[in-house]
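Next up: some structures, all given as structure tokens.
Both complexes shown next keep subunit A, but they swap its partner, so subunit B is in the first and subunit C is in the second.
Moving on to the complex of A and B:
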């Protein structure tokens, strides 16, 4: 826990100083909303279309941050300093997932109001508490899977290509659940039916992939 | 000054005598190529092993196996009484490595880098230890600058602080004086030199200095140990053989 906190603290300090990941993710999300806004030629979205636009945008914006998760290790200090330290390898996974979770939350603090501004007429703020629960559970899953896959991709030459190829199929269940949970919240009239069921699915996804990452990460970091 | 140097160089519990390193038949491959093939050597505690050899001879691979960064593919490796790779986790807090890379984050300051590593190693009295090391290496005045603004030599001094921060019993040093001017070399000498009191494995192309500083010499050529002897007993012909001047 001590090591995980130290690594996450370091990552957030580097991000605060360089401002490389979160601003790029936010800019990508906002630009994509603008493209959807004009591409679809609609001022208002609702239901499954709104949920789809929101989650596709957040997922692709997240990939930018996931791709840069190990950049400081790859381009600056190297992995040796971390691998030689007397820490459990899983604390690196926990730290990177925690840092990514913070990036995703920061992204959504910017992206969600912009999304509401472009596409939602009314009722968005009413749906926000439940939408926050959906995004938090989806973010946890994305953070765990993203940190695990980024640790694999960073050691390869084709990392920018490899990461999305590995990440997108693995996040399909989480994205289906997140979009399904979001759909009634962005419907007119506002509805909460079925949200609870999809929240459980998201929580299960987080638990399963959290355990899987915990079991595999030590092996992935070996030699 | 002497007391201060001794305190800075303090390298954990080293009272026990006996072997610090025992390697038998160590092999390590990269694909089909043997980077190390049946290497064997021994080193006593608080002694220095100079590892000599041409580029690609296997020096850095040996250092990385001892640093627990690479798994041995064969043979037996015991370091500070611990079997590798089985007891690697117990060994890690007892070793410090200074290699080609400084292992510093360029966007963090020297002090922030040291603070980060001190947290990873759970160094007691963190701030005081960092302040003393920065002072000892002449880096206190530049401690609040991002590492990217430091010269390579200054970054190397911070890297020395990083390597000894947790008072390691075994120092793995790969060209530790590279990038350092004579003044800077003198500053870091109490921390990583013989005076530090740690067991040392020293990889260097400065043969004269390595021989002068070492108790034992391991000469590698194409992954094989062609010299393994006390430093005082290594003839100049053997040194030439290590570097391929005599076949």
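Moving on to the complex of A and C:
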């Protein structure tokens, strides 16, 4: 646990100093919103369209960050150091997932207000508490699955080519749940029906893939 | 086959095209079962560290993907015939199946882009287990997403189909399962033989004086080996 905290702290410190991932993710998200504006030719969004635009953008922006997650470890032989250190392997997974979670939250702190500014007319403040809960649960799932797949992809020849195609199908259930939970929140007569059910689905997704990642991560870090 | 064409009664609503059901549904069931079994095999591989289990898992996924593409094709034909469209989004089974096939299609690039055999076996196994667990989760999620009212052939228990249809269906299921098993065994044998051939060839090449006995072997076209 202490090792995990130390590694996560190291990652966040590196990110804070280099400002590599999060600004790029945020910029990507904002640009994507603009492209959606032209692609859909709409000035205001609501309901399922708003939910779809929001989640597709966040997911793709997240992929940018996930791709960079293990790059330092690979390029600077961090893996060897971590494997030689007398710590549990899973603390690396926990640290990476935690760092990614912080990235994602930072991304959303920028992307959500911009999204509201661009596309939402009114009622965003009502939706915000529940939207934050949906986002947090979806982020946890993305962080766990992303950290695990990134550690797979980083050891392959195709690397950043492989990650998106591995990640996208696996995140489909989480995206279904997140988009479905966001839809009533961003509808114009503000609605909360069904949000609870989808929050449970998201939590279950997080739990299932969290346990899987926990059980399998050891095998990814053997040599 | 004879049962399909002559024994099972024609569907009152869909007529002859309904008979594709006896290929489509068993294939889908077998492919999905294959995916889950591949996950179990991969778990055994991680536990025992015997590479044989990795190959078994790999071949199971391989044949399942082929079956999965077949399922999508026959499903599209059936959909065109009975719903008038090649593809419909409001049918959860269809969408789930597509996602599962897309996911397993990424198994190949993953496998081929890792060079170290031990690591490849382990990573492929981890993927197979994750994806195997993903199959039921995905089906549940997609089904939840659509509050649909679509005729579920099996949801109405045995009342949905007359006995002759059930019998034909079960025979088809058995037939397709046996076909699947045969293909898996065939592919495993082929892989095994290919691996041995490769090892023998390496052994030959390692010998410094290449005798005349070695020449006919080199004329064998180099096929991609998945070892």
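Descriptive notes on the structure:
By definition in this document, the second predicted complex is superposed on the first by the 222 of 223 C-alpha atoms of A that agree within 3 Å, B and C clash if a C-alpha of one lies under 4 Å from a C-alpha of the other, contacts with A are read in each partner's own complex, and residues count from 1 in each chain.
The criterion applied here is as follows: a contact is a pair of C-beta atoms (placed from the backbone, for glycine too) under 8 Å apart; a residue touches a chain by one contact, two chains touch by 3 or more.
Because the structure is a prediction, the values reported are computed rather than measured.
Superposition of the two structures on subunit A shows subunit C fitting alongside subunit B with no clash. After overlaying the two complexes on the shared chain, residue contacts for A:56 are found with neither subunit B nor subunit C.
Between the C-alpha centres of subunit B and subunit C, as viewed from that of subunit A, the superposed structures give an angle of 90°, to the nearest 10. Once the two complexes are overlaid on the shared chain, A:176 sits against subunit C while remaining clear of subunit B.
In the superposed pair of complexes, A:203 makes contact with neither subunit B nor subunit C. Applying the stated contact rule after C-alpha superposition, one finds that A:81 touches subunit B and leaves subunit C untouched. When the shared chain is aligned, no partner comes close enough to touch A:106: not subunit B, not subunit C.
Touch criterion met: A:13 reaches subunit B, while subunit C stays clear of it. When both complexes are overlaid on chain A, the residue A:152 reaches subunit C alone and has no touch with subunit B. Of the two partner chains, neither subunit B nor subunit C is touched by A:24. Judged by the touch definition given at the top, the superposed model places A:71 against neither subunit B nor subunit C. Least inter-chain distance for subunit B and subunit C in the combined superposition, rounded to the nearest angstrom, is 6, based on C-alpha atoms. Subunit A residues 222-223 lie at the interface with subunit B in one structure and with subunit C in the other. Note for the complex: subunit A touches subunit B at residues 2-3, 5-7, 9-10, 13-14, 17-18, 72, 76-78, 80-87, 222-223.
Of all residues in subunit B, those touching subunit A in their complex are 67-71, 89, 92-93, 95, 97, 99, 101-108, 112, 116-117, 119-122, 146, 162.
Contact residues on subunit C toward subunit A in their complex (touch as defined above): 46, 99-100, 102-103, 106, 109-110, 113-116, 118-119, 122-123, 125-127, 129-131, 133-134, 137-138, 140-142, 144-145. For subunit A in complex with subunit C, the touching residues are 148, 152, 155-158, 161-162, 165-166, 169-170, 172-173, 176-177, 180, 197, 201, 205, 208-209, 212, 216, 219-220, 222-223.
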